[in-house]
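Here come two complexes built around chain A, the first alongside chain B, the second alongside chain C.
Let's look at the complex of A and B:
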């Protein structure tokens, strides 16, 4: 079979003030009709750059500096803007990451479809309408004709991504480039979208390039895989070989860092190839340090007790109670977490898992129900001295490392703030020494103290957040999706750090995530949440082996098939 | 949507009530009007008689109720100076101001939006740079200087256009318009440009900033990736999204045009309400000042109501929001 797309020795450069950055170096890859090529790598690997370079939509001042892009036997490089416009949409379609932002909010989806159909195929008027209906039906949207008049905001995220796919198919292209098409979606939606892309690829004999950082997506959909690292393709091969028996060191470490859902390992394998491996950490002796003084001994006491917790948000205000629209974010939730235990809360977006975390941290007040931390009720009298003291023992790590640190404060002040607030030390010198020790211990090094948050990468910022959370000597750590914004390799090191700290300090941990493999590695017991209520609470191994609730079973089935990884495990 | 408009209407009524209370308070706090009405040699009795005639001796609440009752019927009393009903005076002068504001609003919108779009798309061309630096003149120079400079150039040196007044006016019975004669058009050009410059610059810069913001969004990138024509991307996809926030500012600015017209009308001796207001201030002609205040507030309120309704038309997320 002849190649649909053949890229040879492609170089992409971004000239900057500090010299030229090579975003892609000597990249070669091929795509056949009816084949899904996975382009995988971590952030900054240059995988999106390749997709943009193919259709000549590189962000300025990026440019293709060398190599060739042969598409259906013709060179795409060096074409004029007008010529490229005939290629885009007509022959090569593109799907972007975030369906919330890739549709024009002010035009009906019918208008956007018809406009694209008229431009790419020349079909006009009511025939274009018919074609739009056909496309929507092909991507699995029911009542397509009525939906033409709907605006993007009237669709859910998954439906919008279907519309985006319909738009990409409008010109009947031969190649589809999908740039992280499911990253912004829930697992259950991810599965549907991937199945749809695969089906369209087979039915229409399309070539598909799927750009992703997620090995799970690759395992689910790709026929062949290109692994990219720092602008270069380090390894290409059939999906089974790449995931099962990788040759290159980087591929090995990348795959080893992927959390496994099928077995529990004590630690994530961290390989030196990946930057920021956590072995170089200068540790402090926690046993004798200030931080360790208040260390909890394992005991059978309950650290967190949550009883019949309820919270509703008002969606639409009204004078009359019956006209108000309320969303029950937390619906009669009860659970207990033992001291020193890691308790996982898992669910899809909107399941209320983060709301529960925020309630326990005291960021929201419940409508009804009680929360006891170490036996102290923190809900009925939240301002009392005992409740404040109990809340000091609860600290939180947030999802987004970019917005959870004050950009105008030095790291020293960010981490020292809780110590100063609770007046936990006798002198400023002691506070500063503790902060430096903490930064050493979380793997940043004491010299980080004088820097500002923007000087750090996402993973390093998350380490700062961890140091800040530990500074008030908490007994309980709430981690709300602490690694979902991070690359896999960084995720592995952060999760290892959290595990170590949990063991060293005897912390009780509430770990919230949508990611089943991660929660399998982290927690002792798991609560599955849906629509604000808990479906099932079970021991981790038991939940993964024999889930009882229908929804738990459903979630487990949706996990990307990772069985290809079997032989890679050490 | 009906509930929304009703709510806005209620807010508007509140605003008008506050403004009318303020304008009424002018009667009691801005000097003694009687002194301005009578000559130096008027007797004490004459003064008292005038006070009684004007109702200035009644308790304040009675005066306020009377003022409000009359105001609701469009009656703002007699001008102290000209001794004619204020509403009549205002309606006589209103066409001049409205035509001036209308022409300058059109200039500000058409020129402002098109230059804003152009400079937003062709960010680095020399035309954009020139437009942006000259537009600074529009914001940094006071209106009266621009007006005088234009008069000097076009009326005194080049002698192309008249320097003041409305020129040829056609009386339609209820409305005196300068749109129907060449002279009228010639007379309106300079004041309209002067009045529009400031707003034009604001709109230009706002549209440009919004345009650049929108051009960076994913849906523009996606539109490119579907191979849509540049013209369709710029005008169908980008411009409409740009206009959502711009509409608010435009609404406020048209109100601003009316407020600024006071200065422009003075410079060009344009016989509109602004000029009348300035003259009223000179003579402490409180009924005219009060009526003018209420009238400008009413215009602001109406314009903002229209802007809110426009939001519904432009943005489906508000129209169909649930």
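Let's look at the complex of A and C:
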């Protein structure tokens, strides 16, 4: 079978004022018709750059510096913008990450499809309409003809992504480049979209390049895989071989870092090739250190008790009550978390899991219901001295490491803030020493104290957030999707760190995530949430072995298949 | 455990040179020229007592016989009075320098007043929200429906009427600063409120709340420093507007008394003589005003682009 796309020795450079950055170095890969090629790597690996270089849409001032891109036997490099425009859309279709922004909100779905069809195929008028209906049906949208008149906002995220795929198919292309097509979608929709892409690939004999950071997506859909690391392809091969028996050290590390849904490991295997790995951590002796003084003694007392919690958000304001539109974000939620336990809250976006976390942290006030922290009611009289004192024992780690640190404060001041505010030490020198110890303990090194947050990577910033939370000497730590913005290898080191801290300090942890494999590794018990209500609370192993609620079963079925990974992790 | 040197940060100068804003400044000739002109203007007016050939406030240096002399190069001009003299025999160049100093001082003070008032109200409004927000912002909205200069005249008028007659001239400057500052604040309040709404939703503010910091400390330490970028931009443009507002008030005879001339007062005095052919009394102060305002505005424009991450 001849190659559809053949890239040889591709170099891509980004000249900047601090010197030239080589985003891709000597990249070679091939795609055959009817084949899905997965391009996998962590952020900064250059995987999206390759996709953009093929269609000549590199962000300025990037440029292709060397190598060749042969598409159906023709060289794509050195074409004019006009020629490239014909190639894009007509022969190469594109699917982008965010369906919210790849559709024009002011035009109907039909208008956008017909416009693309007319431009790429020359079909006009009612025939173009018919073609649009065909395309929408092909991507699995029912009542296609009626929906031509709908606007993008009337569609859900998954449906929008289907429309984006229909747009990519409009010119009847031979190759489709999908850049993180499911990253912005919930897991249940992710599976449908991946199935759709695979089906279209087989039916139409399309070549597909799927660019992703997610090994799960690769395992689900790809026939062959290219693993990228720092601008280079380190390994290429059939998916079963790469995931099951990787050769290159980086691939091995990457796969070892993927959380497994099928078994529970005590820690993630420590891997090389990762910034700020576990090895360099200089730990402090918790037994004698300031940090350990307030350590919880094991007891059977409940750390968090939540009873019949309710909270509604106003969607539409109105004077009359009946005209108001409310969203029930938290619907009669009750659970208890035992001391020293890791309690997982899992659900898709909009399930209310983060809202519950924020209620417990005191960022929202509930409409009704009570929250007790270590037996102290913090909801009825939130301003009372006991409630304030109880809430100090609760600290939170947030999802986005880029917005969770004040960019204008040095790391020293960020971490020292709670210590200074509550005057927890007797002198400023002691405070500074404790901050340095904390930074050491979370694996950053004391030198980090004098820097500003922007000098750190995402994973390092998350370590700063953890140090800040620890500085309050909490008994309860709420982690709200602490790793979902991070690369998988960094995620593994952060999860290891959280687990170590939880054990050392006897912390009670409320762990919130949409990622089932992650929660399996982390928690002792799990609550599954949907539409603001809890569906099921069960021990982790029991939930994964025998889910009782229909929705839990559904969620578990949607998990990307990991059986290809085999025993590579060990 | 801290055996290696901790002090590895680059020096402040190194940090500045590495800064994107510095880089954008070095690479935009317009901004550099504007900054140079602004700097020259400001240095010139503030060193007026050192560089001006005469002191227009010293009666012994003023001679009525030298009144209404044209610029040095024109027919009848004297070389010691480079830009001519006004009706009272004061050297125009010296008067412009001294007057410019007053104008710039009033402008800066008025902007500072408006900024402090507007930013505090804006941040409080954005962070607390609810009724507080509604009240503050509706006051700002109502104030913005009245043309700024009319409001400044009104405040100025009330201020002067309240003061006893004997201290009126002495306090005229402060009344003008108050009038312009009070007119200015809604702009600052709106910008600061907008920035606060964005910042307050970020997770670092929530983290501060979880730590248990009180609202005032969160506003002061976390939100305020992160709203200053857009505020700085409108403060620069506001400075140009405040200088113009002062000139307008003085031109209308509502501002600084003629005994301590500002640029606006000079233009007003000159205006009376314009049709007698004594063009220089009004022309040179007007040019000085235009150059100053233009340079400050250019600087503000560049700053808006350089500080806006979306345009970078």
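The criterion applied here is as follows: the second predicted complex is superposed on the first by the 570 of 570 C-alpha atoms of A that agree within 3 Å, B and C clash if a C-alpha of one lies under 4 Å from a C-alpha of the other, contacts with A are read in each partner's own complex, and residues count from 1 in each chain.
Just so it is clear, contacts are C-beta pairs under 8 Å (C-beta built on N, C-alpha and C of every residue); 3 or more make two chains touch, one makes a residue touch a chain.
None of the values given here were measured: they were computed from a predicted structure.
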item	value
Clash or fit, chain B versus chain C on superposed chain A	fit
Partner chain in contact with A:324 - chain B first, chain C second, else both or neither	neither
Partner chain in contact with A:107 - chain B first, chain C second, else both or neither	first
Touched partner set for A:396, first chain B, second chain C, both or neither	second
Chain B versus chain C as contact partner of A:202, first or second or both or neither	neither
Angle at chain A between chain B and chain C, C-alpha centres, nearest 10 degrees	30
Which of chain B and chain C A:421 touches, first, second, both or neither	second
Touched partner set for A:267, first chain B, second chain C, both or neither	neither
Smallest separation in angstrom, by C-alpha atoms, between chain B and chain C in the superposition	5
Doubly contacted residues of chain A, that is, touched by chain B and again by chain C	none
In the complex, chain A residues that touch chain C	17, 282, 358, 361-363, 388, 391-392, 394-396, 398-400, 403-409, 417-418, 421-422, 436-437, 440, 446-447, 449-451, 465, 468-469, 472
Chain A partner contacts - residues on chain C that touch it in the complex	1-2, 4, 6-9, 23, 202-204, 206-213, 217, 221-222, 225-226
Complex contact set, residues of chain A against chain B	55, 57, 85-90, 93-94, 96-98, 101-108, 115-116, 119-120, 151, 153-154, 164, 167-168, 170-171, 316
Chain A-touching residues of chain B, taken from the complex the two chains share	217-219, 221-229, 232, 236-237, 240-241, 244, 314-317, 320-322
